[in-house]
Every structure is written in structure tokens, then in C-alpha cells.
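Same chain, two partners: chain A is paired with chain B first, then with chain C.
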Partner chain A sequence: MSVEVQIGVWVAVLGSLCAVACAVPGTLLVLRRQSMMGDAISHTVLPGLAIAFLITHSRDPLPMFIGAVLIGLLTALAVQWVQRLGRMDSGTSMGVVFTTLFALGIVLMSGDLLRSVDLDAKCVLYGNVDAAASSIILKQVAVPRELWTLGGVLAMNALLVGVFYKEFKVSAFDPALADSLGISSRAMHYLLMTMTAITTVAAFEVVGSIIVIAMLIVPAATAYLLTDRFGWMFVWSVVFGVLAVIGGTVAAVTVPTWFGYTATVSAGAMAVAGGLLFVGVWFASPRHGLASKYVHRAAMSLRVLREDVLGLLYRLEEMRVVDHAEGTPRFLRRVLDAGPIASRLALRALERRGLICATAGVYALTDAGRDRARRLVRTHRLWESYLAHHMHIPVDHVHGSAEVLEHVTTDEMQDRLADETAQPMYDPHGKRVPPAGRE
Partner chain B sequence: MSLMTNHTPQRLHADACELPQRQVPRHPADAPLSIHDMTVAYHRKPVLWDVDLDIPQGKLVGIVGPNGAGKSTLLKAALDLVPKVSGRVLVYGKPYKKQRRMVAYVPQRESVDWDFPVDALDVVTMGTYGRIGWCVPVFRKHRRAALEALERVGMADYAHRQISQLSGGQQQRVFLARALVQDAQLYLMDEPFAGVDAATERAIVTLLHDLRAAGRTVLVVHHDLQTVREYFDQLILLNMRVVAHGPTDEVFTDANLHATYGGRLTLLSEAAEALAQQERP
Partner chain C sequence: MNAALLTLAALPGWSAVVDALLLKEHNTRVVVLGVTCLGLAAGVAGTFLLLRKRSLTADALAHATLPGVALGFIVMVLAGGSGKSMPGLLVGAFVFGLLGMGWLMAIRRTTRLKDDAALGIVLSVTFGLGMALVKIAETTPGGSAAGLDRFIVGRAASMLEAEAIWLPVAAVVVTLVALLLFKELKLLCFDGAYGATQGWPTGLLDALLMGLVLAVTVIGLQSVGMLLVVALLIVPAAAARFWTQRLGVMVVVAGVIGMVSGYLGAIASALFANAPTGPIIVLLCSVMFGVSLVFGARRGVVVRVARHVRLARRIGRQHLLRALYEMHEGTDGVGHVSRSRLMRARSWSAGQLRRLMVRLVREGLIRRAADGSAALTEQGRVAARRYVRNHRLWEMYLIEHADIAPSHVDRDADAIEHVLGDAMIERLEQLLAQRFPQMALPASPHPIDFVDARETRPADVR
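On to the complex of A and B.
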């Protein structure tokens, strides 16, 4: 393996550890609608490190780590206080708290105070996954510290969620129930905040304190689009997190070269890849995806069109005007105001189901089709009666609403409609309400 | 807070002068729920004043009152979900914290996020979490108990539906099943009849009767005055204070309803407003 590839593998390994460690608190944040809390806490890593240094005057990783975590927790507490005492929404409260702390961090970092330490603000923001990976290979570091830290945090997160699985579940879904069961939702909130603070501090060294927000939230948000199960949310978050990391690592070294540039920052590319995954899933997800929504909508409108064709043919029969002029596809299309493809699909489907048949290009109802159509027209006219007599809607308004309602009315609803309207013979327009059975 | 506790009870009731004076409650030691002199405030603005209530064993008790009367707050404060300014709540003679297992709470349907990725069975299983205890996983027997509860409310076929795919009435029945699986002695339900279909309404009424037959006590926040007489043995008329409490036939009178729903703000609520304003410079 070439050195570049080896470095790339290490970048992906470190990034994946970050992504998996972040997926756990991230999923819970998304489900509790507190995604921005991850944002707030990760921004305060910077002042946390600065303050920890000011107090301890050492660059030891441990005091720095503890300082940053404590400031992260303080952020979570301060957000709650501002929200409660200032009677603000959580967004405003976070906006006040974390920007102030973040700015304090910038002030401390750029002043003379910390000139002596080489705490690089840029590195805090963007991380140094590439540098860390290179040093592993080039400087022959046996086991990098980042690996241990991230591995430890990942194990801790997995353990906490494993142990408090049902407590997290119930306090995220229904805090009042959790409290009434003796499961303190406040305790669970602060446990999650602690996990988030520890995870962001551990991950910032590798991916930076800004990209870590993407790792917390984006994979979990993608998972939310894909699954309706609490447990699977975690699994999919991990999967999308790792996919984003691998995609980002590869893209960072390949994509820029296509345009004649040198490789870019891997951490940034990972976040972009995560965002693209989100868009892809949003489009293609079977349940909440845009594509399936459009397909479903198209299928719905085709069904409505088929039912409208049946209803129209029935009404034509009623008026006894079925002749060559009326049953043609062109006439049906014009009356129903349908497109040529849609109407052809609808007619063909009806014919295939034996509900209509064509003789010399003129469509007419079969017996089975007439039964279906009678039911539809009956529903329509019952709705008109119901709307006019029970809801006191003016008679000239009810047709449009009945037209919508007739397509969603079940047999049971139709029975109840008939009962409530006292089985009327005629609808408000004076048209006959067909009987439920065959005549 | 001294302002709130220094008034005499006579002053309070002078406001509803047509009513007979309420007796000073005796607080029987074994009542399922006994509330003594409870005052609750949101942001210093009192919403419930000096509530004294003793809910008798084995009865269906309705709570009615206008919007903002503090009906939901009464339940929440009894369960320590919102802080009390003063007062004491006893469940079967002991503080609520020691009696959690005796009580099941059905919150308003709108109080949770129905897009949450869980199915109906998951939600009902949450009712067993209190019994299971911290850090112990859910076992098959708990899920079986949850499924039985879903069956009792006629929802077994929907056990594996994601909860946003249920109708409003079905969601309400899931909540009720969750309370059933808690197997409590005292049930506190917040507007279970709000916005449900006829089938669900019948299912809830049957359920309430079953609970009463099993000797359980049920307290229901209700909004529909038409059905009060039919559904409840006892009635609490509430508007920031208990206007009347007793057997439905005795309490559900025009005079009491007028005192509860009377359009104008009472002096009491004006004073509450003044208390809230007093905090501001």
C-alpha cells in the first residue's frame, strides 16, 4: 500500500470512530428535538479549552478534557436557566448562551493571554484528522491517543444507551409519563447532555468542533427519514455516519484532482458527504421520501380518475344519452379534464378489470362496473345530502366537497351516512340517490 | 408568597354568594386521592387556589370547568409534574412519591410527538417501565401484558403500526391501554374524550365501567357538559378553585354551572393577574 492510501485508511478509521461515537447522542438529540443543543455544546469546546488552560496552566490532555466537558455542561444548564427565567424559547436561549461563550473563547484565544500556548483556533474549528493520520504513518506512532480517546467514548456511549435504553426511550417520547413512573426526565436530559459534551470534546480534535455538529445531527436526521423504529434509528445513524466518513475521505483526495486542485480537508468532505446522503435518502426513502410520495400521489390521482370515469358513465346512462358521441375517450377526457396519458391509463385499467368495455371505440359500463359506479354515485349524493342538511352548507357549494369525499368513503362510512341522512330518495339537487344494491 | 396564603376561606367563597358554604373537608385517611389546601401558580400567577378534594374509592369522577380553569393543572400538580406553591397531596394516605405504582396518568393526546419512531405496542409497553425498574430491560412477559391491554381497548390489530399512522381516536386508545397495563388503583385522565370518534367514545366508556367494577377510582378531565350526567358518579366543578364537588345529581345544577362558567372574570382572577404583574418593575 502506498503511503497516501495508508493515510487515507487511518483518516477513515479515525473518522468512523468519531461518527459512531457521535451517532449515539446525536440520535437522542434529534428524537428529543434538541439538535441545536449539540451545536451549542460543541461551540463551547473552544472557551472550555481556553478556560481550562487559564486555570491549570498546563497543556495536559486530561485537565483540558475535563474543562471542556464542564463548560459544555454549564452551557446546557445555562440554556435551561435562560429559557425558564427569561421565558424564551429554547432556540433563542441557545443563541444567547453559546454565542456569548464561543465569542469569549475567541477573545481568550486571540489575546495575549494564551499566546504562549499553541492552541490553534483553526485547528479547534476544523480538526486535524489528516494531520493525525499522517503522523501515525510518517512518524510511526504506534497507537495514537485519539484512537484511545474516541474508542473509550464510543464504548461509554454504547454502554450508557444499552443500560438506560428504555429510560431514554420513554423520557424522549413522553417526559410527563417518565416522571410519573419515577424515571426522572430531567436526570435523563442531563445524562444526555453529559454524553454530548464528552463526545464533542473527544471528537473535536479529529474533526473539529464545527464538523462534529454534522456528525451528531446529519446521520441521525437521515436515519429518521428511513425508519419508524426507535432501535433502528441508532443502527442507521451509525451506518450513515460511517458511509459519510468513507465517502468524504475518498472524495477529499479524488474530487479536487479532477479539477486540477490538490486534496482538500477530509473532515469537511465528510460533512458534505453526510449532507448529500441526507438529500439522497430524502428523495428515495420508501416511506417519507419525495419519490415515493410522488409515486403515491400519482397512483392516487389515477384511482380518482378511474372512479370519476365510472361515475360519469353512470350519470350518462342515467340521462339515457349514451350514444356514439358520449362514450368516446375524447369526450370522457374533455368532461373530466384529464391528460391524454392519464386518461388512457385509467381507461385501460378499467377495461382490464372488466368494469367497462368498448364497442367500436365507445365505452360503456359492464354489469360489474355499473355496481361500482352506482356505489360511487350513491356515496356522492349521500354526501351532498349530509353536507346540505346536517352541516347547513349552501346547496350550490356541496358538489365540490362531495366530489372529494366520495373517493375516501368506506362501506362502513357509507352505511352511517345513509343512516344519518335517513336514507333519502333524492339529493339536494333533486337527483335520485341510487339504492345500495342492484336495482 | 405570603399574599397567597393569608386570605381567609370565607373571603373566597363570598365571591360565589349564591352557593351554600362548603364544609371544611375531613380528609379520610384511606381516600385514593386527598388534596389539602393546594395552590398552584405558573410564573407566580396563581391558577389554582386552595384546592381541597377527597376522591372517594371506586367512583368515576369528572372534572369540568371553562378553559384556563386549571383542570389539567390539577392533575399535573397532584402528580408533581408542575410545582405547587403550597398544599399536600396524599394517595391512599401516603405521599405520592411513595405510591407511584398505585397511580396511572393519561396525558392529553397533544402532549407528545406522534411522529416519534415507535409503534403502538412500544407505547403501551412504556406503562410497564415503572414496574420493571431502572436499567432492567423489557422482557417478553411485559410485552405480552402490553398486547393484552391493547386487546382490551380493541387495538390489538394495530400493535405494530407506527403511531402517526393511527387516527386520533386510536391514539387515545393506545394511551388508555398504556394506563391499563400500569394496573393502578387510581387513574387520572386528561381529556380522554377530546376529539375522538364514536367507536372510541364507546370503548372508553366501557373501559371506565370495567375499571369501576374492578374497584378502581378514575378522575377524568371532561369538556362535554352534555354527557356529564351519563358518565360520572361524582363531579368536580372547577374554575381556579373548587366551585362544587359531590355526587353528580346534587352538584350538576344551573346555579353551580353559572358560578363555574359565568362569563365575567371573578375578582379572584383579577387579583391573580395583579399578583403576576406585581413581579414586574
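On to the complex of A and C.
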């Protein structure tokens, strides 16, 4: 393997560990509608490190780690305090707390003392997965420190969720129920905040404290669009997190070269890849996707249009005015106020099903079609009778509602409707209600 | 910690401070003016944002401007420029801010994700894109992208006069637009649904508000930076909320807090070479927020605690008078009641009871004997009689109209009688007075047993 490929593999490995570690608290944050708490906590990694350093005067990783986690937790607590004390909404309280701490962090970091130890805001915000991977290769470390940290945090997260799976589940979906079952949703909240703080601190070195948010929220939100099950959400979050990391790693090296530039930062590209995955699922998700919603709606409106065509042809027959001028697609379209493509699709589908047939461009009902149409018109007029006589809706208002209801009425409902309205011969407008069977 | 503070405290001389405050130096004048106007605009726009409960939307919009800045730079370099043209960069920022806003609204409208997740997605993904593009911009041949960093944490001192001169203009325009649309935005913030039914284009107004917020963000990029400009929008408005209940006043207070923070922050950054402007402005805002949180005249903690203490005191006073009256009800005398008996009547601590008594003695409502027992004075009897009547009327009302069992009304009446407004009480008294002649004291609908209040509990339960 060439050095570049080796570096790339390490980038992907470190990034994936981050993504998997983040997927656990991220899923819970999204479900509990506290994604922005992840944002607030990750922003305060910076002041956490600065304060930890100013107290201990050492760049030893452990005290720094503990300091940053504590400040992260303090953020979560302070958000609650300010919210309660000031009686404000949680968003505002979050905005006040994290920007204050972040500003404090930058001011502390701009002091000469911190500058002298090369701890600056930029490396905290951006992280540097590429440099970390290169130094692993260059120094030939067998098991790098980042691997231990991230692996440890991942194991801890997995263990916590494994142990408190039920508790997390209940308190995520119904905090009040959790409290009544003796599970303190407050305790679960702070457990989650602790997890989030530890995870963001462990991950900032690799991907930076803002891309961490992308790893926490984006895969979990993507998963949320794909599944309705708690357990599967974790699985999908992990999958999307890892896919985003791999996609980002590859894209960071390849995409800029298409435009004549050299490689860019992998962490940023990972966030973008995650965003693209989100957009993809947003469109294509079978249950909650835009495409499936659109297709579903289009199919529904086509069905309604087909039924309307049948109903219209039946009514024309009833009035004995079917002739060459009126059964044409043009006429049908004009009366039903349908688009050209939709009406063509509807007519073709009806013809294929043998419900209508065309002779010289004029459509007429077949026997099977007439049966269907009769049922529809019967349903329509029964509904009109029902609405007028049982619900006392004025006669000139019943047509619109009946028009909607006729498309969702089953045979069984139609029978009940006929019984309820005492098998009327005529609808409120004085039109004949067709019989259930052939005449 | 001290060491860092000391390094910051390499104080400039007194005359330099005065010069800066009075804007004697030409270089600082422009920058200070710009940042002050920015504070004003942010305070005004932020007020509406806060009341609309969309504070964090500003955070997402700010992050979304980064790719715009980087792309603006790259495009300008490709077009043959140096890439340093400030208007070009800010136009890029504005366009990407709009795109971010569109994405945010699309996620909000078409998915089942909640606001928080939508914000998190837009914020982190756009920032990631920005990071990647900044890196590319840095390696773009023919341009030096070293200055792009300042958009992230802000550095007012680096503003050139030619660039800085139109920022105050833009900030003033934003402020004016917000003030001209005052009525419309007010409606949007307090009852958007009502506005929609009245035919106001609330969708458009919402977009316009976001546009104003975005404009403030873009204006603030250079001086405060994209990670902190959100603070300028949120914090002054949140601080102003503690001082008033009126929107007009709140806008003014928020604008003033923003202006003062901007002014002092910009001067501090001119005096201390290392001091980053944005964070200092934000910390000044936060200090004012803290002060407002505690001392705010309307919703501050001190005022609220004082209000609570006053209410508790009034309730305690009424309870004590009522207990003294009821313990001797039926007998015509105003006999003394021992301290221990009074303490058992309510869950008073010895100290609380003593303080209550001292206050009532001072008002001339009770007499205290040397052994600590107390009795009502004639004046106190009149007052107590009123409270007892009040309480019993309430009990009657609850029994008759709310169908509450006689054994339960005592506590419920306790909860209501102190807190309702005068108008409400008057109305209820009218209602009840028709049934009970004026000043006649109805008998208690439940047995009063003060002597063994604690011991009778189990019997009640049974």
C-alpha cells in the first residue's frame, strides 16, 4: 500500500470510530429533541480545555479531558438553571450559555500563556484527522492513542445504552411515563449529557468540535427518517455514520482534483457526505421520504380521477346524451378539470382494465365499467341522502362532501349507508339512486 | 488563571483609554462606529427573533455563511481578482445564508424531524462544507486566503476603513426596516395564527425577519465572527426581557445593550492588541445579561423572590388571624391562645411564628402576653372576622358550585382565597352575598378541631 492509501485508511478508521461513538448519544439526542444541546456542549470543549490548562498548567491529556468534560456538563446544568431562573425558552437559554462560555474560551486562549503552548482555537474547532493519521504512519505507532480514547468511549457508550436500554427508550418517548414507572427522566437526561460531553471531548481532537455535531446529529436524523424502531435507529445511525466517514475520506482526496485543486480536509468532507446521505434518504426513504409521499399522493389522485371518469360517463349515459361530441378525451378533461398527462394516464388505465372502450376517439363504458360506475354513483347519491337527512346539511352543500366520500367508501359501508337512509329511490337533488345490482 | 489575566492586564495608559473612548483616533472611529451600529441592529432584530422562539436559527444561519465566504473568494480569484474584495465575500455569505435558511425550512416542513435536529443538520453540514472549501481556497493559486479565518472568530481591528464605512449604513438600514415593520412583526411574534386569519402574509413576514437576522449576521462576520454573532442577536434581547413587558421598550433596551457592548468591546479591542473583539463584546453582553437576570425590574430574580416573599407573608398573616379567631369562636371573649397550640394549627416553625406575631403586634392587630400566648385586639377581631368570612364563603362556593366534599374544601379554599384578583373576589362575593346577609359570619361547613390537629389525621383517613 502506498503511504497515501495508508493514511486514508487510518483517517477512515479514526473517523469511523468517532462516528460510531457519536451515533449512540446522537440517536438519543435526536429522539429527545435535544440535538442543539449537543451543539452547545461541543462548543464548550474550547473553554473547558483552556480552563483545565490554566488550573493544572500541564498539557497532560487526562486532566484536560476531565476539565473539558466537566465544563460540558456544567453547560448542560447552566442551560437548565438559566432557563428556570430566567423563565425563558430552552433555545434562548442555550444560546446565552454556550456563546458566553465559548467567548470566554477564546479570550482565555488568546492570552500569551496559552499561545506559548500552542493550544489554539483553530485546532480545537477544526481538529485534524489528516495530521493525526499522517503522524501515525510517520511515527509507526502500532496502536495510537486516539484509537484507545475513541475505542474506550465507544465501549462506554455501548455499555451504558446496553444496560439502560429500556430506561432510555421509555424516557426518550414518554418522560412522564418514565417518571411514573420510577425511572427518573432527569437522571437519564444528565446521563445522556455526560455521555455527550465525554464523546465530544474524545472526538474533537480528530474531527474538531463542530464536525462532531455533524456526527452526532446527521446520521441519527437520517436514521429517524428511515425507521420507526428504537433499536434499528442505533443500527442505521452507525451505518450512516460509517458510510459518511468513508465517503468523506474518499471525496476529500478525489473531488477537488476534478477541478484542479489538491485534497481538502477530510473532516469537512465527512460532514458534507453525511449531509448528502441525509438528503438522499430524505428523498428516497420508503416511508417518510419525499418521493414516496409524492408517489403515494399521485397514485391516489390518479385513482380518484379514474373513478371520476367512470362516474361522469355513467351520468352522461343516464342523461342519454352520449354522442361523438361528448365522449372525447377533450370533453372529459374539461369537465373534470384534469391535466393532459393525468387524464391520458387515467383513460389508458381504464381501457387496459376493460372498464371503458374507445370507438373512433369517443369513450364509452363497457359492461364491467358500467357496474363499477353504477356503484360509484350509487355511493355518491346515498351519501348525499345521508348528509341531507341525517346530518341536516343544506341540500346545496352536500355534493362536495359526497364527492370526497365516494372514493373512500367500501362495499360494506355502502350497504350500511343504504340501510341507514332507508334505501331511497331518489337523492336530495331528485336524481335516481341506481340499484346495487344490474337493472 | 491569574497568569492569563495578568497578561491581559498589561493596561494601556489613562490618556489612551480616554482617547479611545472619545474616538479621537481616526482608525478606531470607523471601527467603533460600525460595531456600535451592529450592536443596535442585532439588539432590535434579536428581540423579534427571541419572541418568536427562533433564537438558535440564527446560529444555523451564521454557520451556513462560511461556505459562501470561501466560495466567494474562490470565484473572485478565478475571475482574476485578488479575492479580498469585502463586498464579494459578504454577498457570497448572504447567498449561502439564504440557501441554509431554505434548507432549514424545507426540512422543517417536509420531514418529521423537529426544529432542533433540523438546526443541527444545517449548522454542521454547512460548516463542514465551509471547512472543505476554505482549505481549497487556501491552496488556490493566485490568491492568499490567509484572511478568511477572521470571519470565524472575528477581528474588528483588521477592518479597513473603506470596508468598514458601509457596515454602519447597513446596520442602520436593518434597524429602520425592523422599526418600520414594528406592528407587523409584533403581530407575527405574539399571535402569528391570528395574523394569518386577518390576511397578513405571515410566511413572508417570517422570511423577512429571517432576512433581517441574516443581514445582521453577515454585517457582524468581520467584527464578531460567525460563531459568536448569534450571541449578539440573542443575549441583549434576552437581557432586555427582564426589564419590561412592553415590546417597544424591550426593543429599545435590547438595542441599547447591544450598542453599549459593541462600543466598549470595539474600544477594548483597539486598546489591547491581542484581544479578540467578538468574544469581548459577547462577554460584555453576558455580564449585562447576568445583571438583568438578577436585578431586572420586571422578571429579574430579586423582584420575583420579593414578590413571592410578600405573598407568603400576606398568607401567613391571614392564617394566623384566622386561627386566633376560630379558636375562640362561639365564646364571646377574645381569649389568649398558647404558642404551642398556634404552632400546631399550621406548619409554622417557631421562628416563622415569632416573626409573624411581631409584625401583627406592630400593626396593632394582636396582643402578646409574657408567656408567648397571643390574643386578638378589637381591631384584629374585625380584620380576622373578614378573613374568616372570606374563607368560609369560598368553602361554600366550592361545595355548591364545584362539588367538592365538605371535608376537603378547607385546603382548596386556602389555595384560592389568597391569590385571586380583587375584581374576581368582588364578583364572587356578590354572588355569595345574595345568599348570606352582609357581615353575617356563616358557620364553618366542617368541624374545626385545632387542639389535636395532628392526632385526628388517622381518624380522618378512616
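Assume the second predicted complex is superposed on the first by the 369 of 439 C-alpha atoms of A that agree within 3 Å, B and C clash if a C-alpha of one lies under 4 Å from a C-alpha of the other, contacts with A are read in each partner's own complex, and residues count from 1 in each chain.
Keep this in mind: a residue touches a chain if its C-beta (ideal position, glycine included) is under 8 Å from a C-beta of that chain, and two chains touch if they have at least 3 such contacts.
Predicted model, so just to flag it, every value in this text is computed and none were measured.
*Asks:* After the overlay on chain A, what do you see for chain B versus chain C, clash or fit?
*Replies:* They clash: once the shared chain is superposed, the two partners overlap in space.
*Asks:* Applying the document's definition of touch, where does A:L216 land relative to chain B and chain C: first, second, both, or neither?
*Replies:* Second partner only, chain C.
*Asks:* A:E167 in the overlay: touching chain B, chain C, both, or neither? Say first, second, both or neither.
*Replies:* So A:E167 only meets chain B here.
*Asks:* Is A:R87 touching the first partner chain B, the second partner chain C, both, or neither of them?
*Replies:* It touches chain B and chain C both.
*Asks:* Quick one: is A:V107 in contact with chain B, with chain C, with both, or with neither? Answer first, second, both or neither.
*Replies:* second
*Asks:* Check the residue A:R33 against both partner chains and state whether it touches chain B (first), chain C (second), both, or neither.
*Replies:* In the superposition, A:R33 touches chain B and chain C alike.
*Asks:* By the touch definition at the top of the document, which applies to A:G268: first (chain B), second (chain C), both, or neither?
*Replies:* In the superposition, A:G268 touches chain C alone.
*Asks:* Looking at the overlay, what does A:T227 touch: chain B (first), chain C (second), both, or neither?
*Replies:* In the superposed model, A:T227 contacts chain B only, not chain C.
*Asks:* In the overlay, answer first, second, both or neither for which of chain B and chain C A:L181 touches.
*Replies:* Touch partner of A:L181: chain B, not chain C.
*Asks:* If you count the residues of chain A that each partner touches, which comes out higher, chain B or chain C?
*Replies:* C
*Asks:* Would you check which partner chain A:W258 touches, where first means chain B only, second means chain C only, and both and neither mean what they say?
*Replies:* In the superposition, A:W258 contacts neither chain B nor chain C.
*Asks:* So which positions on chain A get touched by both chain B and chain C?
*Replies:* Touching chain B and chain C on chain A: residues 33, 87, 224.
*Asks:* Using the touch rule from the top, collect the residues of chain C that touch chain A in their complex.
*Replies:* My answer: residues 1, 3-5, 7-8, 50, 53-56, 58-59, 63, 107, 110-117, 119-121, 123-125, 127-133, 135-136, 139-140, 149, 152-153, 227-228, 230-231, 234-235, 238, 241-242, 274-276, 278-280, 282-283, 286, 289, 293, 299, 301.
*Asks:* Okay, in this complex, where on chain A does chain B touch?
*Replies:* 31, 33, 87, 163-167, 169-170, 172-174, 176-183, 224, 227-230, 232-233
*Asks:* Name, in rising order, each residue of chain A that touches chain C in their complex.
*Replies:* Within the complex, chain A contacts chain C at residues 30, 33-36, 38-39, 43, 51, 54-55, 82, 85-89, 91-96, 99-100, 102-108, 110-114, 121-122, 125-126, 208, 210-211, 213-214, 216-218, 220-221, 224-225, 252, 256, 261-262, 264-265, 267-272, 274-275, 278, 282, 288, 290, 293.
*Asks:* In the complex formed with chain A, which residues of chain B make contact?
*Replies:* 43, 76, 79-81, 100, 103-105, 107, 111-113, 116-119, 122-123, 126, 129-130, 132, 134-135, 137-138, 162, 178
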